[in-house]
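Two complexes, one shared chain (chain A), two partners (chain B, chain C).
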Partner chain A sequence: MIKKFVYSQKVAPYVFVLPFILIFLMFWFFPLVNSFIMSFQDRMLGQDPKWIGEANYSKLLTDKVFLISIKNSVVYMLGTLVLLIPFPMLFAVMINSKLMMGREFFKSSFFLPALTSVAVAGTIFRLTFGEMEGSLMNSFLGLFGVEPIKFLKDGNWSMAALLILACWRWTGVNMLYYLSGLKSIDNEYYEAASIDGASAWQKFRMITMPLMKPTTVYVTTISVYAGLAMFTESLMMFNGNKSPQNIGLTIVGYLYRQGIEQNKLGYAAAVGIILLVIAMVINLTQLKFSGMFKKEED
Partner chain B sequence: MGRSQTRSDFISRIVIIGLFIILFVIIMIPFYAVALSSFKPGESLVRYGLNLSLDFEIMSFDNFIFLFTGEHDYFVWFWNSMILTIVQVVLTLFVSAFVAYGFAAYDFKGKNFLFICVLLIMMVPFEILLVPLYSLINDLGMVNSYSAIILPGIANAATIFFFRQYLRSIPKEIIQSGRVDGANEYAIYFRLIMPIMKPSLAAMAILNGMNSWNNLLWPFMVLGDQSKYTLPIGLKTLLTPYGNNYDLLIVGSFFSIIPIFILFIAFQKYFIDGMTAGAVKG
Partner chain C sequence: MKKRSALISIVTLLIMSLVFTACGNPSGSKTETRQLGANAGENATELSFWTFVDLHGKHLDKMLGLWNQQNPDKQIKLNVTVMPYDDMHNKLLLAVTSGKGAPDIADIELGKFPKFLEGDNVPLESLNDVYAPYKDAVVPSRVEIYSKADQVYGFDYHVGATLAFYNTEILEQAGVDYKKIITWEDYKQAGIQVYEKTGKYLGTADTSASFQASLLLAQQNADFTDENGNPKVNSPEMIKAFEMLVDLQKNNVIHTIPGGQPDTEEAKGEYNKGNYASALMPEWYMSRFVNEMKDLKGKYAIAPLPVFEEGNPRSVGLGGTGTVVTKNGKDVQLAKEFVAFAKLSKEATTEIWNTLGFDPINMEVWKDDAVTKNPENEYVQYFKTNAFDTLNEIKDEIQAIKSVKASPTIGNIFNTVTLNAIFEDGQDVKEALDEAQAAIEQELK
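Moving on, here comes the complex of A and B:
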């Protein structure tokens, strides 16, 4: 009887998606709702929660350190957008052009940094941006007569270091996304443009860029997400969640500091909800303006 | 036009290839510096940071000898990472592919809503759940256990999405013919569909494996017991303001990249397919 029920064609699809439903409810929906509730509470691990209304939120709005973390995360995110969308797109077009040689070789070697863990990559870059004269970056700058820079003690320089780390790891990956986007463009467009006497730049502007819009939207979406949620890179770069004057503190870093290091669960939950709202607002706006909701269903 | 055309092509070619060679060098410098530094004593790293100087007087195999013979937990971490990665990948693929088939092969009530939930997970930063998830794990008594790392990711949204895209290209006739032959719904999936999914399973195995091997934040929070540390956590703990573990850190970092490099070189195609497919369409 039970067997017949489970085996029926009507019930089978639910059996297939059941693991997702369970995991979703338990590890996503429940924690998310819980996070929302917690954000209105004064709560510590192992203690009874106390309802305090929107106090956490109003406190956050005047919390200078929190505002610094928002600024850092947003600047980092914008930096990754500016650096990790146009350049990988251009590189993909170049690598795809008939003039290129050794395509496969460059494609794979550009991907290699993405294989390193944040622990390793962070360590490498921490040591690369060491303040000593002999360390990689400073000795490179020394070639141009630049005095050694204390990268990890100055806000602007450390942001630059974090962005360089991001570029090193993700340029190749984004380039791959663009390469797969390029594959779907029909060659006829270019042939027609050539007959009309279009220059390479005109072809890029008028054909490649508009037709690769879905890729750009996708890359933008994941970059916004990853940029706002960045934490481990900074954790490794500064060898902990503490950086001088919080120059490396991100929103998630602050969430971690409040929730895990200081056990202020309610306050940390409110940080998480604000992060969620920021990420959603930016991404939904971005998707709306790029006309993604108008696309066909499915 | 012919001649000037080929000439400007030639110049563009030089420029493009030159640019890519420069980028290649920039990308490789950190790897080269780590490889080089793994032959240098820790003090040199403390004093000069990572650099490119080939100083044969101080370079030796000491770090490598220490890595393989010294008293430290490096290989415990390595082994833990290996086991965790394998178990995590096998379970995640099994569950995610199973779920994806449900989405791809059937029309059922609530399907669209559930699929929106899949997409939602892909859009919500996991990090915002750190605190409630940690307190949940704590309440369940799962702190310090690998299951706390494995379970939340077992129905991986991006992986489900990828498999669903892949499965939609499989003709429905296969499923129909299975039914005509009298196979039940699950036999159809396991006997007819799963074999067809092999290339996509390979792509996702590699991508999930890479993520799992490199994962730091959540395992770091969950695992308190040093004997359970994974490689990224272990490497992280070597970098303290007090300890002088640079020798092990640098050679250990270098060595930790090697397995995944070998994997990459052997299965490049799958890495790249996994990275790009399902990214755009849909």
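Moving on, here comes the complex of A and C:
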């Protein structure tokens, strides 16, 4: 009986997907539902929860600090999209080229920062962009007679510093995605194009770019999420969750401030739900426009 | 010179990135645990202690040695974990409120303390019984700040009386006598002279801590909150305080400092270089001079703070760390007795001065010249004047700033937004304070 059950073609697929379903329910669905319920409560650890309806959401709508955190996260996310899609793609094409010397060396050099802990990298960048005359950036600028800049007290400079940190860390990873995408393109396309007299640029635009679309969509999707969920980099760069005038505060930073630092778990849950909605809307829109929901043509 | 320092920085950075990549410390935190109580027997009770100041562990180590000697039947081994400030408080709040994973004893900084007293179920042990024997010897206001509804929950290390620390070397170059600085007007004139003669600033315009606002409010008998604990940060007293500071900034008497306030790594570097000629800080800042600004030994003198008008109170107790006993500890009564011994006893207060250089809340020791003027003491050796001469002079004028439910929110908004808006971006004082009041009220809704 048991043997029949295990070997049944109808049951087997369910057995195989069961671990995923369980993990999905335990670590995604249940916390999500719980967060959604919490977002309608006034809830503190150690105290009894109180049901307060949509009060957390209406408070969030008028919360200027929350709006600053959304703005910072969205600007950061857009910045990472602009920098971390075209450049890694370009580097991947360059490294993939037969003319490239020292390919493996460049691959590992680009990838090395991804292995560094964010905490350490953030701390080094904080010192690099310090306001003292002797900090790395200021002493470099000093060579050109530029007065020291308070990088981490200015919104634009600090966003630039965060984006430089993101580029330093993630260029290599995205480049690897593109490299694996490039490997899947059949060389015959390029040969045929060469016979037709296509230039290198035409080959890149007409063959490489369209055939790398699935990779680009994937990289965009994870970059949108990673950009909106950024927190540790800012925490380390500003040596805590308290950047001057909240210039480095992100949505997750605000969630942490409310939930962990202030013990207002209900309010923090509402912040989390809004983050989820923003990420879903952007990603679903992006996937819709890139045609990912269409059935593949035969 | 600049070229060389840039080159050195670049090379250092490259080497550091390689080293750190290789080490790959995944958490990146500076958490470390060590066991104290080397003289404890095998049957000693093992307790755990969390703190964010390494020196506090050093003090408890000395006290533990004494406790184990005096109490052979109640010996203790203490596992001390030192964590970064925010990290420790966040973990502790989660642990005590959820009832899991909390240490037996912990340090909680004054600004974070109200978070632990919220609601009906305070997760900390009342210390009333162990406090009773010391009640008459300690400064009451330093116990009240860690109390709720007649229950005491923490014992401080110090009074934190604010003092003026002057770099006499710079002042002499500028022809200024710090003993003649009595009022803020005197301070301003002295600062103008210092800047003109040496190009250095007399003091700091703090952007990441509210010490200056606190002391200027206390001198006017005002506070950040009203008698009901509601925020009032745009009061006339606060406006007067900040307008004076902005005037000092405009006259190059004070200037913003890297790190945002004197008690940061970057700022101590600036002091070490002699770029600022005074620090108006709590007494505990002496330990930073002795331990982290060794180049300045023999240059600094201690004096009372300047005031608006003669007769204003010349000091306020600032900062503070309450040592608490959590509810889910292994041996709560033993932990309570040890904390009282380690913080309030005569032996403790002597060690608090000797080891930490703090002004202990048990004031018996303040009058004991054998302790406070001991020529072997490194704090006595470091400064040109004796701290307790000034402390005893102002001891009846030390005001207190209340720490209430709204305090963490006020501190957060001031130290992230308001102070930066005023001193870095030059926003109008009244406007910045009105915005702060609105933001605080919104957050507390």
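Assorted remarks:
Here is the rule we use: the second predicted complex is superposed on the first by the 267 of 298 C-alpha atoms of A that agree within 3 Å, B and C clash if a C-alpha of one lies under 4 Å from a C-alpha of the other, contacts with A are read in each partner's own complex, and residues count from 1 in each chain.
One rule holds for everything that comes next: contacts are C-beta pairs under 8 Å (C-beta built on N, C-alpha and C of every residue); 3 or more make two chains touch, one makes a residue touch a chain.
Worth saying up front: this structure is predicted, and the values here are computed from it rather than measured.
When the two structures are aligned on the shared chain, A:N246 is found in touch with chain C, with no touch to chain B. Once chain A of one complex is fitted onto chain A of the other, the partner contacts of A:D63 are limited to chain C, with no touch recorded for chain B. After overlaying the two complexes on the shared chain, residue contacts for A:V118 are found with chain B and with chain C alike.
After overlaying the two complexes on the shared chain, residue contacts for A:T128 are found with chain B and with chain C alike. In the superposition on chain A, contact is made by A:A279 with chain B only, not with chain C.
Looking at the shared chain after the overlay, A:F20 reaches chain B, while chain C stays out of its contact range. After overlaying the two complexes on the shared chain, residue contacts for A:F144 are found with neither chain B nor chain C. Touched residues of chain A, counted separately for chain B and chain C, are more numerous for B. Shared-chain residue A:F106: touches chain B; no touch with chain C. When the two structures are aligned on the shared chain, A:E261 is found in touch with chain C, with no touch to chain B. Counting contacts as defined above, chain A residues 45, 112-113, 115-121, 123-124, 128, 130, 132, 134-136, 139, 236, 260 meet chain B in one complex and chain C in the other. By the touch rule above, chain A contacts chain B in their complex via residues 7, 9-10, 12-17, 19-21, 23-24, 26-28, 30-32, 34-35, 38, 45, 91, 94-95, 97, 99-102, 106-113, 115-121, 123-128, 130, 132, 134-136, 138-139, 168, 171-173, 176-177, 179-181, 184, 214-215, 218, 221, 225, 228-229, 231-232, 235-236, 239, 252, 255-256, 259-260, 265, 268-269, 272-273, 275-276, 279-280, 283, 298. For chain A in complex with chain C, the residues that touch the partner chain are 44-47, 59, 62-65, 112-113, 115-121, 123-124, 128, 130-132, 134-136, 139-140, 142-143, 150, 153, 236, 240-246, 257, 260-263.
Those residues of chain B lying in contact with chain A across their complex are 9, 12-13, 16-17, 19-20, 23-24, 26-31, 33-34, 37, 45, 47-53, 95, 98-99, 101-103, 105-108, 111, 114, 117-118, 121, 123-136, 138, 151-152, 154-155, 160, 184-186, 189, 210, 213-217, 221, 231-233, 235-236, 239-241, 249-250, 253, 256-257, 260-261, 264-265, 268, 271-272, 275-277, 279-282.
Within the complex formed with chain A, the residues of chain C that make contact are 2-3, 5-6, 9-10, 13, 16-17, 20-21, 24-29, 85-86, 89-90, 93-94, 96-99, 115, 118-121, 123, 207-208, 258, 260, 266, 269-270, 408-409, 412, 415-417, 420-421, 424-425, 439, 442-443, 445.
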